[in-house]
Amino acid sequence: MNIVDGKEAVCRIEDFRVHYMTFDGPVKAVDGVNMEVYREETLGLVGESGCGKSTLGSALLKILPRTARMSGKVYLEGEDLMSKMEKEMQKLRGAKIAMIFQDPMTSLNPIMKVKDHFTEMIRTHKPEVSEEQALEMAARALEEVGISESRLNDYPFQFSGGMRQRMMIALSIVLRPALVIADEPTTSLDVIVQAQILQLMKEIQSHIRSSMILITHDLGVVAEMAHRIGVMYAGHLVELAPRDVIYYRPLHPYTVALLESVPNTDINDMDLDYIEGYPPSLLNIGEGCRFADRCPKVMKLCRDRTPPDVQIDEEHIVKCWLYADSFEEDEDNASG
Amino acid sequence: MDRTVEVKFLSASIGRAFRKFFRSGSGKMAFTGAVILIIFLLAAVFAEQIAPYDPTVRSGKAFLSPNSEHIFGTDNLGRDMFSRVLYGSRIALLIAFIAVLIAAAVGIPLGLLSGYVGGPLDRVLVLIMDAVYSFPGLILAIAVAAVLGTGVINIAVSIAVVYAPTYFRVIRNQVSSIKSELYVEAAKAIGAKNWTILLRYVLPNVLPSVVVVLSMNLADAIMVEAGLSFLGLGIAPPTPDWGYDLSNGQRFILMNDWWMIMFPGLAIIVLVLGFSLFSEGLNEYLNPNVGERE
Amino acid sequence: MSLKTYIIARILLAVPMVLILLTVVFVIMRVIPGDPVLTLLGGKAPIEVIEAKRHELGLDKPIIVQYGEYLLNLFKGDLGKSLLTERPIIEELGDRLPATVELTIMGFIIALVIGIFWGVEAARRHDTAFDLSARVYSIFIYSVPVFWLGMVFQLVFGVWLKWLPVAGRIPPLMEPKHITGMYLFDALLTANWDSAREALRHLILPSVTLGLVISSVFVRMVRGNMVLSLSQDFVKAARARGIKERAVVYRHALKNAMVPIMTVLGLQLALLFAGAVLTETTFSWPGIGTYLIQKIRYRDFMAVQGAIVIYALIVVTLSIVVDIVNAWIDPRIRY
């Protein structure tokens, strides 16, 4: 798997924040994320549950609950999503930017036939398409994920979990979106099915030449799938680099710790390393590195000021003071 | 543990529970309901002291609109409406309480038995109770009241027939789920008798829902009683009764006698509202997760 | 299972339910009371007259035989004769049924419209002032006796504003040609616009009264189930596919919420008929409810029994209909 040449950004995210408003104050679920997703690449987004990765995924489609406030910029193929009205967003969802959800058992409408899921979606976005044409498109999309066309008349509950996830994938790619966000797409499936689905997603992606943000807590999955990996911790994107760099030359102390805590099947190494403590509460959280309390290399500076995004090289960004020495003067610009 | 510490802890936790109760919306609701209920109870108990006139005899001209002597006006026989509304709360509360007690006295033991014993008895009882439950309550009460005739107990029985299945269903379903809980299994394993299990383990667990159903049923019972007496199947006149007074007032509605229907009606609304608020608040407070789906 | 097989199975399942209800009615009407003939004829009737009447009605037979005859006659569609008018009760009820059906259908539609719009919008704006208004409305209206609301409407729209009639179904001699017996419907079918207007004018107050009171439960149920339904994954997934908000709310969320709503609704329809008895009495609406109350006044126990049986059959029929509609909405019920 190679990093795609000629890196054109399909999606660019700048200083992006999502704060949930509560009676006790804002919960800063995503706080100052900068990243780009290149054309035809898979960007893996990993982190513990509650780190903001799923919020970020849903935020890109602007389908968060009412209490969420977003700021910053998101460009999808040059279009500024954050300035779009709900009506315009609706036209993009499913057509240009699609989402695959975690639990295929609950993310299909239980009382709607498979074909109606497809025709409803296709004809919402392309009113000029006839019912028959829409059914043909649906049949083709199902074929692409390995489901027989004859099952168009079935209801979701007549499918197994793996089959439903195939359907979700077919549904998300039928309109050939530029960006697919897969939010823990295999977490609720068993291991064998998981491998099949991942393989399928890989094939489909190269077939339809879309970009993908793969959100998962499973480092094995991103190792398998992603060209580049972003590591999130407590609302911050702490490290972003090509897959091999993350696995072999991680820089951020959290990434290092995360990789060490992965259980493996090597029976000679049965010691499981883990990170002490818990992620901080994101309610009313202030300045400073959010990993500071658990970081083995913590400095005084870390607790006082949020580290900048340090550009190690063209492909590698770390949000950590350890690597900021040489950038002391323009740290503020770097984080902006 | 030191005894004073324990007492302190207990009082602190009660205090916390109280504070939580009054801070929550459901707590405020239950409190408002309770205040309304207490006012009506006082009105019913002290009707003789509060009422300015005898509610069953003429105290002034007929059809007087509200004025300083008759603040709710008078009816077609010149009786004071305020006194009648006041005394009306007696009949309403009395019948409602008796009806609900009878319903509970029939429904709870049957529910306990049916849920605990299970088997064919359970199935037959469930079938019968479900059938009665599905029947329109008021129409069932009308049928029974038509057969039994007037009188406080008869009306109460007619209403109780409607609500006994409610208790039965609630208790039966809870008992059959509690029955399989570990602590009941454990009690059985150490040789506890059936009655001991029912009284010591099962009953305390179903009591909270009984309290909620009880107060909900009181609201419904008052409505049914008013309905029955509006239809002429309630207490025999001249006893003051809201439902009867409403049907009496309706006869003269073309004469624009708004006070004859307004005040008994408002009395019913406020009292039922009191029970509803109380039970609703209590329900949300006791079972916070069942409130959404009815 | 196909929908057809389901319907047949559901109807068969209703048989024990019908039998139990009919038995309950029998027990109430025949076993509990002392002597209906005595109450009918009064205490001073000569003993021979009473005996003759008892024999005529079959009340001198053993109770179990009476029960058997009761069921057998019902099965043949025979509800007996009115003790007062000597007319077959089934005919008398047949004359009254359309009025009740007309009123309840209109009331139901009004309650449904209020319930769905207010309930859905409240759920969409969960925990806002609008949501609170729906909750306050449903608690408050639940406390209002239907007959009192009817009287207030009579007072305001009939007596004060003089906009609408306060009683009856239609002015004399304006009845439309009899097709279904539902005046508004028949008048519209026969393009009899004057009758239709009058029928509608008479129908408005009773049906709005009934509809408003019943809407309390509807608003509450729709709201509660929609709050749950809107929080489901498939709703979010539908939004993520760019489905229009209206379709997400009504086609996806509401249709799924309808199944639990309909299930409870089946039981609440009983409330509709109970409310209809009171509404009919309030507005002198000549339906089964007023029939029942009149017959109780005249101690015509055969007719009372007949009316109660009809209500029981209506309830069972409606519960079957509700289940079939549910199975049609949600295929999982059928499988």
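Per-chain residue numbering starts at 1, and chain names A, B and C are given in the order in which the chains are listed.
Simple rule for what comes next: contacts are C-beta pairs under 8 Å (C-beta built on N, C-alpha and C of every residue); 3 or more make two chains touch, one makes a residue touch a chain.
It should be emphasised that the depicted structure is a prediction, and the values quoted were computed from it without experimental measurement.
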item	value
Given subunit B and subunit C, the chains that contact each of them	none
Of all other chains, the one whose Cα centre sits farthest from subunit B	A
Dominant interface by contact count, named by its two chains	B-C
Distance from subunit C to subunit B - Cα centre to Cα centre, in angstrom	24
Centre-of-Cα separation between subunit C and subunit A, whole angstrom	53
Subunit A and subunit B, separation of their C-alpha mean positions in angstrom	55
Multi-chain contact sites of subunit A, meaning residues that touch two or more partners	none
Subunit B-facing residues of subunit C, complex	16-17, 20-21, 24-25, 28-29, 32-33, 139-140, 142-145, 147-148, 151-152, 154-155, 158-160, 166, 217, 220-221, 224-225, 227-228, 260, 264, 267, 270-271, 273-275, 277-278, 281-282, 292-293, 296-297, 304, 308, 311-312, 315-316, 319
Residue ranges of subunit B in contact with subunit C within the complex	127-128, 130-140, 142-144, 146-148, 219, 223, 226-227, 230-233, 243, 246-247, 249-250, 253-254, 256, 258, 261-262, 265, 268-270, 272-273, 276-277, 280, 291-294
Interfacial residue positions of subunit C with respect to subunit A in the complex	232-234, 236-245, 247, 251-252, 255-256, 259, 329-332, 335
For the subunit A and subunit C complex, residues of the former touching the latter	58, 61, 63, 86, 90-95, 98-99, 101, 103, 106-112, 120-121, 124-125, 155, 157, 168, 171-172
